[in-house]
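Same chain, two partners: subunit A is paired with subunit B first, then with subunit C.
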Partner chain A sequence: MISFSKPAKYIFIGKITLRSQLAYVVDFVIRSLFLLLILYIFMQLWQTTFAGEGTTAINGYTFKQMMWYLVFTESMVLATPSLCTRIEEEVKSGDVAFKLIRPVSFLAFHYVEYMSEVAIRFVINLLLGSTIAFLMVGSLPVGAGLAWLPLMAFGGFTVNFMLGMLVALSAFWVEETRGLEFVYNKILFTVGGMLMPLELFPDKLQQIGHWLPFQTIVYFPARTAVGMHHGEIAGMLAVQWLWAALIGLVVWFAYRKGVRKLNVNGG
Partner chain B sequence: MRSIQVEQLEKVFQVKKKQAGLTGSLKALFKPQFTDKAAVEGITFSVEQGETVAFLGPNGAGKSTTIKMLTGILHPSSGTAEVLGCCPWTERSKLAYRIGSVFGQKSQLWYHLPPLDTFELMSRIYELRRNDYTERRDSLIERFELGPYLHTPVRKLSLGERMRCEIAASLLHRPQALFLDEPTIGLDAVVKQRIRELIVEMNREEGTTIFLTSHDAGDVEKLCDRAIVINHGGIVFDGQVEFMKQQFLTHKTVQLVLENDPGQLSLDGVAVLTRSGSRLTLSVDTGHTTIESVMSALMSSHRIVDMTVQDPPMEDIISRMYGTFRAKEAVM
Partner chain C sequence: MSMADNNRYTVGISEHDQPGKLRRLIRFTTASWRLNLAGAMEFRLSFLLTVGTMMVNNIVWIIFWDMYFQRFSVLNGWTMQDVMMMWAAAAGGFGIMSIFFGNATRLASLIVTGQLDVYLAQPKPVLLNVLISRMSVSAIGDLLFAIFIFLAFGNVTLLGTIKFTAALLLSALIFIFFCVITGCLSFWLGNTEGLSFQLYNALLTFATYPTGIFKGFGRLVLFTVIPAGFISSMPVSLIREIDLNFLFGAVGMASALCVGGILIFYKGLRRYTSGNMIGLRR
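Moving on, here comes the complex of A and B:
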């Protein structure tokens, strides 16, 4: 009976998620209107800062780059669905058990679902965010960096999925995962470089940030897209996928342990 | 051929013990205490391929724990089980291709998409050959009369329509055994009837083993030949549904139309349920007396115009059965 290869299975799951998510397009557009507010506030903030400094660039970033940097990081962060809400719901309601009856990998299923959802949201956010930024501060100097964005964002979302999944899987042991997710999101805002590039941080914090996986999620793709440090692209990709693999391994172990707990104690 | 074989299957859960109040909660946080709770205690049974079995028991009797063990989700504390020749918990993914499941309270259909898309997804998940799939899908669509809903998003379907799609989706990969958990919950009488017919049809034509849990007496009566009843983790009855009826059927209902108002009726083992003039409904305790002796007693003093003897509905039998368990527990 077997004729479809396993990857085909997951490609189809991705396709069906994409179609299902189209039902929420209006919702996404409304959500991404939030970008308007954020970009406006930061525009005021950076304008004042740049005026105060009296320079055209701060730590290598021009005002325009800074604004476009924000477009990319915000578009990414706003594109990520809450894995915690989803997994916690599944674990609590026992749905996770019923997923196990089907011949499909739980983690791969969620990864594909997450990635296709993110893809559609990211594109919407990016379109809207770019339009707003274009109207507010003018076009981004198109450079080679932008071409790397899809690949970088792909890696960034993968790391984000792994970390998000790790937090979400704690639902097997603790009742409530929202608290952890809240902390995780705040880390992403700060040392993850969502609000501003890591270069702007004090030295100590910068060093810490460089040793953590959070920089690979939105900071790497956004700084590449605004045309910074092209020489480091290969290195950044390597670091990104190293983290993805490493955290992926931890996720896999956590999942195995969680399932065993479910197997033994019914979750 | 054996479809399901279970021997001395046992499942003991560790349950956290919590005392009432804040101090109790704090204590449990730092020094959790566990007690063992046996959900399933050494049950043994076997089901032949193509059998239709109702798995019954009051809430908390261990039904879903058993189903979870048979589908490989839960690992038992001890004992063995074999489903279609596989050990469910060590060969779960292999078994997954050969069993189907319908959970009345959980949907496997994609909410925003038409059922056809979920069917398509199932065909990929179960790695079906293209031709096999389209052929199978079309025959299920025809049989379950799904034509009109195929392109409607699931969220817009009625519960009955959705349930038919759910069952069809779980049959696409031609499972040899189908686990149904409350498949008719919340449905109206007509739809229930239709769904039962469809399941029976599948069983007859394809020899699919049906393993069903339900609180609906009609499901048991119309769908299943055999019943296994568990209570407190142990099997209390295993046999033909017909036989179960007889065993727990301690009363019969007699409807009578007499020529004249009989006045006061006092017969041993007979209770008058309703009466209006010469029309009477009696409940006869067959453990105490026989229908025959009641009839002859009545005929000796009254003229009978019309009479019907009925078994009480399955509903009553099941509630009486559960009631018997409780009464026994009270004595113990």
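Moving on, here comes the complex of A and C:
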């Protein structure tokens, strides 16, 4: 078993990933134009909805808060790289053999790589999204909620990595995993609260959503950043990291079981 | 080679006793589709998973809209039924394009990488040959989803079926030839893979949101530069009740894109510079 000792090597993996991501910043900015398109569409949708309702707030969210909520959720989701594509390619090409014999933990290596990649992409998306939101609806009041965003987003991305890795590890058993990832992403879009806050869901679905880990990924950070329910921040962080630990444990067991089953051809 | 051999070869490539040009084209097109499907069905489990996944993807969007309409009953005159039919028209049109004319979205890449060479060497209409040579398996899920939505929630009468079929065909034509035109930009501007993809993605995204939410300049764009408005308006302006102005506009836009796409492709083809890639089509 590979130990997690000498954290310096993981710091170096993170640094290398950051540097390689910085080399493709322009390419990523161009690809992020989709974020502007989707924000424009949602602005039109919620503008029409607020006008139709004739109120200044829907379930506690003002129009401005709703738009900024979407900036945070969309920026997070669009910053996430596809773990399934990566692991599936490693298994199919046989490259996974080289990853497994390295003196680094397979899971920790992917976690550090994922988080470094996400960090750059999230910042770029946030800059782009904030610019368009600022131009369209004005600035978000800088409050205590916004200060919690980095920590909440860190936890959200960690839970997302754990769930994504759980899906990706199925590549050790089946060949095609991208379909499963596709379905997982769609769950995140809806039950996870990417498209609209959980408060707007029908009661039953809202209750179900609160018992699932998906709410911790984008809903918790975005809701906190737009200044909703400040009193619940400590509770949300606890729930977030509890899910991260629980799913992390399942990922660890799945990896140990899967790696024994894995047959590598080529490489 | 003997005279007898010569005669045999001459008969083989002669058009004598062969079906007419149109029938030969239809035979060629259907044979291409049949082979594409056979290739996709080679890996049954993967095929079913891909198709199923795409249906799940579309169903999730219907769930989102269902949640929305449970909270807000009407959206600027649009109901849940209209949104479902909008998704059926958009997914169905996209499905027809990607199943039967699957290379429409890859045209820019084919031009830039010199992969048109292989089609130029074959005695078939180049654009048709290029478009039908690929089939997207996942898009079968889109078309099945559209048919399922219509059968479950649409007006399944003779008139309703005719209107829905017309909506699908118009939507498919707009998708195909908009993608052809954006892909052809590569003939003049070099590598436009990114730009062509962004434009196609914009059409696809705008086509799946109710036209009723867009106003002013945004609405103008949706009925001109990115003609997604003609697809997303189908439920209220064609399927629910026929708005003749809209119908003429949609037919006009589809025809203009169709004629424009073919002309632009063949004009651009004159500027096409071949690559040195050696390819083989089986």
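Convention: the second predicted complex is superposed on the first by the 257 of 267 C-alpha atoms of A that agree within 3 Å, B and C clash if a C-alpha of one lies under 4 Å from a C-alpha of the other, contacts with A are read in each partner's own complex, and residues count from 1 in each chain.
Convention: a contact is a pair of C-beta atoms (placed from the backbone, for glycine too) under 8 Å apart; a residue touches a chain by one contact, two chains touch by 3 or more.
Computed from a predicted model, the values in this text were never measured in an experiment.
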Classify the contacts of A:Ile101 with the two partner chains as first (subunit B alone), second (subunit C alone), both, or neither.
first
Considering only touches as defined above, state whether A:Gln207 meets subunit B (first), subunit C (second), both or neither.
neither
According to the stated criteria, A:Thr56 is in contact with first (subunit B), second (subunit C), both, or neither; which is it?
neither
Considering only the touch criterion stated at the top, classify A:Ser139 as touching first (subunit B), second (subunit C), both, or neither.
neither
Touch check for A:Ala8: first (subunit B), second (subunit C), both, or neither?
first
Overlapping contact positions on subunit A, where the subunit C interface meets the subunit B interface
none
Within their complex, subunit A touches subunit C through residues 30-31, 33-34, 37-38, 40-41, 44-45, 47-49, 52-53, 175-176, 179, 182-183, 186-187, 189-190, 195-196, 200-202, 205
In the complex, subunit B touches subunit A at residues 13-14, 65, 68, 71-75, 89, 92-93, 96-97, 99, 101, 103, 106, 108, 110-113, 117, 120-121, 124-130, 132, 153, 173
Interfacial residue positions of subunit A with respect to subunit B in the complex
1-4, 6, 8-9, 12-13, 16, 19-20, 23, 95, 97-98, 100-104, 262-266
Touching residues on subunit C, where the partner in the complex is subunit A:
46, 49-50, 52-53, 56-57, 60, 63-64, 67-68, 70-72, 74-76, 194, 198, 201-202, 205-206, 209, 212-215, 218
